[in-house]
Amino acid sequence: MSETVALKKDSGGSAPGATPLLELRGLRVAYGAIEALKGIDLTVGEGEIVALLGGNGAGKTTTLRTISGMLSPRSGEVLLGGDRIDGIKSHDLVRFGIGHVPEGRRVFPRMSVQENLQMGAYRFKSVDAAQLGRVYELFPRLAERRTQLSGTLSGGEQQMLAIGRALMGKPELLLLDEPSMGLAPLVVQQIFEIIKEINAAGTTVLLVEQNAAQALALADRGYVLETGSIAMSGPAREMLADSRIRAAYLGEGAV
Amino acid sequence: MSTQTSSARSEAAARLRKVNWYQQPMVKRLFGMLVLALVVNAMTGEQGSSSDLFLSLKDGFPSTRMWIILAIAIAIWATREFAAEPVKSGSRSVRDLVTQAPAVVTVRERLQRDKWTRWGVLALVVVLALVIPGQLTGYWQTVLVDQIAIFVLLAIGLNVVIGWAGLLDLGFFAFFAVGAYSAAYWTGSLPVEPPIELNNFLVIPVAMVTCLIAGVLLGAPTLRLRGDYLAIVTLGFHEIVYIVAKNADNFTGGPQGVPQIPPFKAFGYEFPVDPMPYWYLLVALVVIIVFAFSRLEHSRVGRAWTAIREDEVAAAANGVDTIRFKLLAFAIGASSSGVAGVVYASKVGYFNPENFAILNSILVLAYVLFGGMGSIPGVLVGTAFLVWLPEILRDKVPPSDRYMYLGALLVVMMIFRPQGLWPSKRRQRELKQAEEGIGDADAMSEPAGGRI
Amino acid sequence: MATDVTTPVDSSERSADTVLSTAGVTLRFGGLTVLDDVNVTMRRGEILSVIGPNGAGKTSFFNSLTGVYTPQQGKITFRPRSGGEKQLLGRKPHLVNRMGLARTFQNIRLFGALTAIENVKIAAETRLKSDPVSIMLGLPRARKAERASDEKALTLLRFVGLESKLNELAGSLSYGDQRSLEIARALATDPEVLLLDEPAAGTNPTEKLELEQLIRRINAELGVSVLLIEHDMRLVMSVADRVVVLNFGKKIAEGTPSEIQRHPAVIEAYLGSGADDAAAVEEMIAELEAEHPAQDGADGAEEDQ
Amino acid sequence: MSLHEFWDFLVLGVVLGSIYAVIAIGYTLVYGVLQLINFAHSEVFMLGAYGGVLALTAVEPGSNPSALGSVAYVALGIGAGAALGALTAFGLERAAYRPLRRHGAPRLIFLITAIGASFFLFNLAGKLFGRDPTSVPEMYDNNTVATVFGAQLKTTQVLLLASAVVMMVGLDLIVHRTKLGAGIRAVSQDAEVASLMGVDIDKVVSRTFVIGGLLGGAAGFLYGNFVSQVKFDMGFIPGITAFAAAVVGGIGNIRGAMLGGLMLGIVETLTVPLFGDEWRNVGAFVVLILVLMFRPTGILGERVGRTA
Amino acid sequence: LGLTACGDDGGDSASGGDSYKIAFQGPLSGDNVALGQNMERGVKLALKEAEAKGDLGFKVEYLAVDDQGDPAKATAAAQKAIDDKSVMALVGPAFSGPTNSAAPLLGRAGLTAISPSATNPTLTEGHKYATFLRGVPNDNAQGAGMATYYAKKLKAKKVYLLDDKTDYGVGLATVAEQGLKDAGIEVVKKSVPQKTPDYSATAKDVVNSKADALIYAGYYQDLAPFSKKLKEAGYTGAGISGDGSNDMKFVELAGDAAENWYLTCPCTDASVEQATKDFAANYQKEYNVAPGTYSAEAYDLTNMVLEQMKGLGKGKVDRKALYTALSKATYKGLTKEFSFDENGEFGGTDIYLYQVKAGKIAYQGNINELAGS
């Protein structure tokens, strides 16, 4: 019922789209006494790639987990296409077209590649063969290893599988948590390429990355999270040029 | 196009976000209380009968008792829902009055700071432990010696294995049996003659060594197994020891058991039937063992155990000889269990394989966890309490229902206070971290997947 | 098979200087060959980096060196400073560690519920003698050992810059601190060779720079040889003396960083046009800077704790 | 032991083993989703037995029911047993394990809770239904149905074997062919991520318990019928053996549980003529230890170790 | 902690001299409770009647001591009676195993244990338990009776002899084996411990052994499933079991499979024998069931104890005196005349045979007479 509609990419790509697909308003999230998000506001326009940057423990993962319903906010709102979705459990949220590729890949190790992909389509009555074909087209490596147990895949292959699995749910909004972590340079490039392709095909992307340079090179806009608050935001290209960003996240001239 | 889908989405979102009346926590809690009331009603009802299976159900549902219990349940629920604040603040102020009173605070601080105060308190506890039981009736003295003290000794040993080294041992009681049979053997009470008959006191070290060896023999082939597997293998070991005790009639005397084991004798003094001398002996043993073990806990050995418990691979990679330390834990635990076996055998004078039924291993484990795994005071208090409880219940509830209450208590305790009565600091931290999703609080195995 | 692009080193010099060498190491899991005839030689005092695509067998190589896995074939020889030769193949992990090889893990593995100093002490104590009996009796020997391990742990924590967090729980430290702690713990076993598995994964560029410094200091100040697995080429290129490249379990190249960077097989299998990509980003930045005259970024990096 | 006798005992072993197999599946299923040794499963089994007997007592089969009547009674017994078993398992999960799951309690806590629940349940059953055994009403004439290699197969044995096979095949289909099965497998491997795929964890866990309960309860009734009496503490020994069987087969692996169950049933039964009845449990546990020594994760357990 | 609170909890309140207690020890919970209950009711009935008559001059109360039929639990249970200083005598322990473990304690405490049913022959050997008195013929008689019956009456060729590994079962089986062998009968002797859940393999073994007769030396709770499995395995020979199985509960549990089983007992059927008819009626009235195995014997022994207490007189009853009196006394009870030799052993050797017929345990009469010897 909530089939994703392919949208053309906003040609301008710089400003938030007219219709923000995702909106966070004053979001506060805490683990027990520790407040990990201290009231953040963030929007992702339809068709955009937005990069969320920040140091370790800044709260990036927490943000994504809150959006996909694994954590519930202490206060604040999460809106998807204008509707409040905070408080909805993650397994229900899947129906709203949110795909989440978690930190550290987390494939189902004792299922084959194909079974993992089928799990991605769990929310549908049956697995859409065409979509499966598209994913295999996007990741020919996975097609080769259809029957291999995914626990024995290499890190990069697992990352591809995790993304492919999320795509099987035909998400409108794809949340990616550090997709380049622990991957070989070549694979990192491939992954970024693929993200670009997915986005071009109409999926909106919220990308969390440590690898700031590449993330910003890819994204339309960016946010920087520092200890639970948004420290900076703006068009990606401008952020790339910002000297503070460059000092802190591109490793230039520091120390 | 997208307007249509988005309106469908709005509806779905609104529906999913809506909390129906029956989903309200308050209502759920009411429901829970009602179910609980019915369970309590079943627990406290008439003893059923195998010739009329419906007797107890017919009698209890419905009955006046049922209505009363339901009313109480609803009253408790209502107090919690509607008058929680006054009650809580009341109890808080009482607690503050007690815990924050200047006198209490200074005492606590002195306890924390001053080593000598601590020693003083400990000495006082020991003195009380020596004096008070003298005032009890014979029955309770017997319970204290035959059960509480013996189980305490066992629990301290098992605590080393599971609380410190994190090895899930479901067959611990088997070592107790080994100790008891050693005592029987070396005092010449078994069908087979020992090479020389020993004084019971001398049997203690012999039994310790025997159990130590048994511990190592059991441990060596099984310690490479993952936690859960270790559990079932040790359970199997216990079963095997039990069955051998029962069936190797020519050696163990079989199910008829071992009669007439002589009591302790020293310098012409023979321990009488009276439990008190045994009590002093056991207190001495407990004090010595507690003293030695707590030194161990805060030494490199204790730290190595913790390391193994938390991450065996990392421990080995940092030079910790994991097998050796695990065996050490097994052996130490087993030998203290063996001591308990000797004292028990000498005290009661008669035992048979049923004394070592498999349920006991599970019980000791429950005692350790109830008290607070890894914490010596916790284990002492928890075991004493749980052994005492069924005894006191004997007169309060139908005797055969006692273990029903024990089981219920364990479940409630694990849900509301999983760290145990008196947890160790380390263990509490582990639990807290486990709750936050960092690491695994027991070495039962590598986490095979995510947490649920 | 392996294309060795280094200028061959004088063999006598090599053997004299070698601290660790593998010969024909082959590891299989079922039908899968994870390491295939791997020959690697590490010189005393160098920083040697192992790179290669995901699943190339780097971690498995570490696991084989440290006794976690036992390769089916091959020889692993360790030459301690004290002289002699020791075979490591098939040795248990703790014994390998005692000989002088220490490691960290790809996914940090600390003892989370213990404090920072306790973590380090556990490692330090494996080098000290005190038996359970003397501990239980509280003999002076045991007390002395306890003091010694305290001191050693303190020194090492100071070395990695964690002296202010001695009594914090390892599990509650920040990611970067956990990394440092894991390294300190490894160092506490007095290794001659330190094996680091992707220490820079998941850290940001600033933290990477700090890590780079730490690795250099370990190498220079403590005289420990370092074997480093890393995907971050910037770190590898700047810190490593030499680089070994694995692919599909085979060594495909070996050489200095700059040689490796230009090695066609390595570029194809591993680096891709990554170097160019980075360059492209640089270019783009330069362009942008030209457009918007540089902003003042004086109050720059305040983000790291 | 002559060959003929061997077949005799083998048949008995297979019958006993198939019961163990069905119980073992309950352990393995729960272990799969919660990594929990559900000690209380033996009580699910016991209550299932009582469930069947209660239902039969309520309808009171006459002494010699007709053929059709026999079938109806057996079906009623199995159905009621399965129902009470499922209810017990469901209640257990709700009341005891779910709260623990909520605060991510470590597995040891789960284990002790399970032990506590087990104590509670079997003593409660003793309280409700009396502590001495109740006989299972006769539902059919226990005739010889077939002869295999000279060994006679009785109605009871055929009934048991057939039901066990049906249950096992059914379960295998559910787990490998249905979405619920996919959900169970996903939750067992990574629950959090499963929920990201749209799997409702609570529901899956709950249903897993219910399935295990259905099987355990039905097996309980069948076993009660097999040994002709039910008793409040009847769950303990078959429970432990079935648990061992699950481990022998490789815990978490459903087919392994079936294999392990059969194996232990056969070994246990063959021990009787070879060494005497008193050693039967030793046989099972010796097999357990031997298997684990050579295959530390059980016969069909996973072999992939974790990379450091 | 709480321990101190229970100091005043023991219950040694009485012993003023006008109130005593008589305890009964046996399985009152756990397995084989029917056997314990039969006796407990006999004891209670005796006490109740004495109270109603009111000619004792002091009050006598009842104390239940539950050993669950388990030797391991018997010591703690007996301790309860020992600790209660107003307990003057203990009827029981009911089973031989628990007697073996508890009697030493009772002996040291000087508390008389007078058992209506513990039949293991060795219990009285060499007077090893100082205060144990047996009020029943021991299993030398019962085992021999079984053997005689098989040899003479049923002319068995091969007997499968199974014991349950309890003191009672082993004792009985040993005697029976001897008797059978003396009569030239082939014997296959095996043991299956009590509480074995599944008897199908053993039943198969019985059939395979081609024995034409079977002796089960154990209690009803195990015989019931065993007999069912025997039937299922196609065993058609004779079966005989002892007093441990002689209870309606056996028939209830085993159903059809119990048919034709012989049961022996050193006890008579209270409802049949003339002397106990009144007792049986009162019992029936009080408990709404017919008296069971050893109900009447327990009743008799309780009365014997009461008589001796009365003889000692109010205020003069103590454990020691009572034991001395009892050990020398002769008492003519409803079932038989009770007296003890210097080991505390009972004099008689009469064993009676019963058989399950049409779902009832039918009394047959004295076994030796029936066997025609």
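Structural remarks
When the chains are written out, they are named A, B, C, D and E in that same order, and each has its own residue count from 1.
The rule is simple: a contact is a pair of C-beta atoms (placed from the backbone, for glycine too) under 8 Å apart; a residue touches a chain by one contact, two chains touch by 3 or more.
Which protein is which chain? UniProt says B = Branched-chain amino acid ABC transporter permease; C = L-cystine import ATP-binding protein TcyN.
None of the values given here were measured: they were computed from a predicted structure.
Number of steps on the shortest path from chain A to chain B, with steps defined by chain touch: 1. Put simply, the chain nearest the middle, going by average C-alpha positions, is B. Chain centres were defined as the mean of their Cα atoms; on that basis the chain farthest from chain D turns out to be C. Placing every chain at the mean of its C-alpha atoms, the farthest one from chain B is found to be A.
Separating the CA-averaged centres of chain D and chain E is a span of 38 Å. With centres taken as mean Cα positions, chain C sits 31 Å from chain A.
Averaged C-alpha coordinates put the centre of chain B at 43 Å from the centre of chain C. One inter-chain figure worth recording: chain A and chain E are separated by 78 Å, centre to centre, where each centre is the mean of the chain's CA atoms. Each of the following residues of chain C touches two or more other chains: 29, 66, 68, 105-106, 109.
Listed for chain D are residues 131-133, 189-190, 192-194, 201, 276, 278, 304, 308, each touching two or more other chains. Under the contact definition stated at the top, the residues of chain A that touch 2 or more other chains are 89, 92, 95, 106, 109, 152. On the side of chain E, the complex with chain B involves touching residues 1-4, 6-10, 12, 29-30, 66, 70-73, 75-76, 79-80, 82-83, 97, 100-101, 104-105, 108-109, 165-167, 170, 191, 193-194, 252. Per the touch definition, chain C reaches chain A in the complex via residues 29, 32, 51-56, 106, 174-176, 198, 201-210, 213, 231, 233-234, 269-274, 277-278, 280-281, 284-285, 288-289, 291-292, 294-297, 299-304. Only residues 292-293, 295-296, 299-301, 303-304, 306-307, 310-311, 313-323, 328, 332, 426-427, 429-430, 433, 438-439, 441 of chain B touch chain C when the two sit together in their complex. Chain E meets chain D in the complex at residues 29-34, 165, 190-193, 196-202, 204-205, 208, 221, 224-225, 228-229, 231-232, 234, 249, 252-257. Only residues 1-2, 5-6, 8-10, 12-14, 16-17, 436, 449-450 of chain B touch chain A when the two sit together in their complex.
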